[in-house]
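Just below is one structure, and these are the notes that go with it.
Chain nomenclature is as follows: A, B, C and D, assigned in order of appearance, with residue numbering initiated at 1 for each chain independently.
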Amino acid sequence: MKKNLTLDGLNAASRSDFIAELGDVVEHSPWIAEAAEPQRPFATLVNLRDAMLDVIVRAPANQRIRLIRAHPDLANKTQRAAGLTEASTSEQDSAGLDRLSDREFEMFEQLNSAYKAKFGFPFILCVRRHTKDSILDTFAKRLTHSPADEEKAAITEIGRIATLRLAGLVTSSVALSVHGELSMHVLDTHSGTPAEGVEFELVELARYGVNRSLLKAVTNRDGRTASALISGRPVPIGNYELRFQIADYYRRRGINLASPAFLDVVLIRFGVSAPEEHYHLPLLMSPWSYTTYRGS
Amino acid sequence: MKKNLTLDGLNAASRSDFIAELGDVVEHSPWIAEAAEPQRPFATLVNLRDAMLDVIVRAPANQRIRLIRAHPDLANKTQRAAGLTEASTSEQDSAGLDRLSDREFEMFEQLNSAYKAKFGFPFILCVRRHTKDSILDTFAKRLTHSPADEEKAAITEIGRIATLRLAGLVTSSVALSVHGELSMHVLDTHSGTPAEGVEFELVELARYGVNRSLLKAVTNRDGRTASALISGRPVPIGNYELRFQIADYYRRRGINLASPAFLDVVLIRFGVSAPEEHYHLPLLMSPWSYTTYRGS
Amino acid sequence: MKKNLTLDGLNAASRSDFIAELGDVVEHSPWIAEAAEPQRPFATLVNLRDAMLDVIVRAPANQRIRLIRAHPDLANKTQRAAGLTEASTSEQDSAGLDRLSDREFEMFEQLNSAYKAKFGFPFILCVRRHTKDSILDTFAKRLTHSPADEEKAAITEIGRIATLRLAGLVTSSVALSVHGELSMHVLDTHSGTPAEGVEFELVELARYGVNRSLLKAVTNRDGRTASALISGRPVPIGNYELRFQIADYYRRRGINLASPAFLDVVLIRFGVSAPEEHYHLPLLMSPWSYTTYRGS
Amino acid sequence: MKKNLTLDGLNAASRSDFIAELGDVVEHSPWIAEAAEPQRPFATLVNLRDAMLDVIVRAPANQRIRLIRAHPDLANKTQRAAGLTEASTSEQDSAGLDRLSDREFEMFEQLNSAYKAKFGFPFILCVRRHTKDSILDTFAKRLTHSPADEEKAAITEIGRIATLRLAGLVTSSVALSVHGELSMHVLDTHSGTPAEGVEFELVELARYGVNRSLLKAVTNRDGRTASALISGRPVPIGNYELRFQIADYYRRRGINLASPAFLDVVLIRFGVSAPEEHYHLPLLMSPWSYTTYRGS
């Protein structure tokens, strides 16, 4: 989904173009855009999003079930080969569902089968808010719920998916605010200054597969990165590790450390449970000590 | 080597028994005990040890070389099958040389060959002061030295080996003091008390093989363990990780944490370069922050 | 009270000597020792103490009131001039009641008058467990209690006074254990070692008078003091300040600090509410940061 | 000095108005504005300032001495009564020179006399960059310098004074950037959130007089203050104390603390030596621990 639409453009477009452009904001369900279209013009993206979600809420029960059934399984290779919407493919890839270990793949197969056997529709989750681990955890937990609760949960997740898709698809003077931020800060308490030039890596941890390196970077003059590690989108629920190369940093500054250094790589392992919040991870360090905390 | 000898017993023993008992304090070299024997009685174990090392220092050069050559290779399966001294086997096992990955085994083979090709004698190292990683690092570094330096290094290491063997073999009113200590302490800054009941693990890290779990334990009422994690012997040079299960601890105390918790397992990775020193690792923690440092 | 009595000696003494020696363990009330005497010999000091307190508990109500009335006022200059027991004088001095500011003196006068007017007996408090501030706070609070509660409180305090007097007066193979400890520890996270040679001061804070310097000392090689700042006696309830001269320390170590230094004197202000507990105050410091916490 | 002039206005003003407006940018020395005037228009305030300072540098030596002599003494009551420039009065007041203790007043008198006796001109210092303590310290130190060094120092300080006066007097699209910032941040590691509602006070410490409370405030939702404690001007060189009422904060949050609390008021005493830098003081705290450091 390329971000080349504008709200003004959508308000001015023909009815058929409007429907075509927004037909996949909710998976394979152009009827939602169709039902919302007469309410044009929309003053803000929030109004457009709310109008579309309102269509779902007001739809007859059997149509809502069809809507849920229109969604693909997670990590289903057959469906993927047959073709998902571009948005679904990109979302599943973002959570690493295209790179599963054998064990993970097997877990998804079993969970998909069990879920559909119990509820008669596929498991729906806004995967951009999750890592593989938390998808599997949520899947297993929701499998124990009642059908009524799962129908509600599916609709909630469809709303989250639609919000993120709209935010990625349409620009507007008042943006659809999508929250979530992950940032860090390294302070050198040996010199009393921000630590410039510290190499670090952000890794997403996977219980059943291979950990995934999300980024490698070097701190700037202020001990930070020019932009947050993640921003303007949910920080996927899951466990992470920041790995700071602090012995290298101190040696480059001319500080004589033994070999091996007392502190070489500092690992900060942390969990994200509220993907729309700001997770700030400061590291206060000397060659002989460090402190970390949930900052703000 | 069972610790059932006493210094008094050795002082009173027949000459031949004295030599037999101490024949392997220096690998396959009873002539050293033989040459030291006439100086009996020894007032302390330090005197006995010094007398034996003095024999080595005063020996003719070619005898010293024979002594060095009497030592086994490190991690040599053929020699191990043919039989090392009981002490050598136990020492090599303590450093994990009996459990090498293929890559590590290959590295040892290459280093042993290169070393013997260059110097004409085997690489000698007091492996009780090292982890596999630091043995490999030291091996590679010493390979670049001059023959004269390596001969000196070998004698130094033989002295260290003899000291640890004597300390393990002979009891005395004044013990041979063998230094080295590793300890930890967990303070809960959320409750202002020592953290009792924190499960933790000490792991030895291996760059070329598999990390080794050295111990699992639970903190006591004072946030410590009844005895130090390592004491009365060198803390092997190398890299380690302490892994504290702090989310479990807080949940057991009735503190409500999200899932995943912000802090679940706290990892403290640290290096040991001075095996005879005391490494004390305090952890000050709350569910949202932690501090560690080299304590005392 | 000089500590020159032994439990064995007291067990063997004549009845009259026994009573004479212990006549002031409870202020001006030799009848208590007299009533406890026939239970000799006492196996431990705890038994002796308990026997004496038991006499009080079993005494008729009017005798208990007379006992309470036998106690002096706190900080009463007239009574002091007329002569208190040696023990009372020493106890009141230890809490600084001999060095009151005008405002403090006035507060004591008013509280003494109000208390006696309401209850008909003097306010009794084991002052060795208190600072001036906490005596005044406790005084004001107890003034609001009922007569029955105050009679109970007075007896409790008399027991505490007797325990501390006995512990100071009589030695025994099994000592009367009197708990309470205050200690500190300075770690230098700039060098990774204990901070040796840090000058510091312990000050007792006074809300209505002048702060009192309790001691000045210099940290030893382990960043501590040879013995705890307070030990083997209650740490008086109150507020304190530890003042560490850290800029001086770092300058002596050759570290170049600006003038004024970012950190010069580090002040740790802390309160003691449980005088029989151990208060341990570590300071982890660099020239640019510090951490303190309730240690153990 | 009210900030009602603009650079455009000054560029467009008559020559006599230009000189009148800027006549006291350098104390009682309109000849400097007069000599700079023909270079109008000035593109930026920096250009104007540099032009005025250039006049001083290029003036004949005896005129520079007259310029220095045109400055008032610091803390001289007679001169103050006779009338200083409005700017001088306001600057001296900002440093507290209108509120001296007897001891401070005496120190200033002695230093003024000694300085003028030695150098023949008054001691000039940009007092907006200093506290009383650092004025006295700098005064005593500069008294030991050579006349040539002091003449240079006086010119440097006149430049600093002129810069701050211009920045306060004239607005411009490109402001004269005047650096210096003091800020704080309170994080609650007990709850994992910024600490909202912590009352605190900033105090300027005085060695020879009375400490001065600079501000009292309460932290906002982000654990900060809406604007920095000091910004857009130098943070006066000197020693300060931040006093945080943390027991009150925790009690309001429903956390049960003993009386007295282990931590009640947290004092952070810090020194400022580089007034144009940013001093950021975070406090990470629980009821049982705290950490502070020079942040960024």
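In the analysis below, a contact is a pair of C-beta atoms (placed from the backbone, for glycine too) under 8 Å apart; a residue touches a chain by one contact, two chains touch by 3 or more.
Computed from a predicted model, the values in this text were never measured in an experiment.
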Of all other chains, the one whose Cα centre sits farthest from chain D: B
Averaged-CA centre spacing for the pair chain B and chain A, given as whole angstrom: 47
Chain centre separation (chain A, chain C; CA means) in Å: 60
Multi-partner residues of chain B (each touching 2 or more other chains): 189, 192, 262, 284, 288-289, 291, 293-294
Category of the chain touch graph - line, ring, star, complete, other: complete
Touching residues (chain side chain C, partner chain D) in the complex: 134, 137, 237-239, 258-267, 269-274, 288-294
Chain A partner contacts - residues on chain C that touch it in the complex: 189-192, 262, 284, 286-289, 291
Complex contact set, residues of chain D against chain A: 185, 187, 189, 192-194, 222-223, 284, 291, 293-296
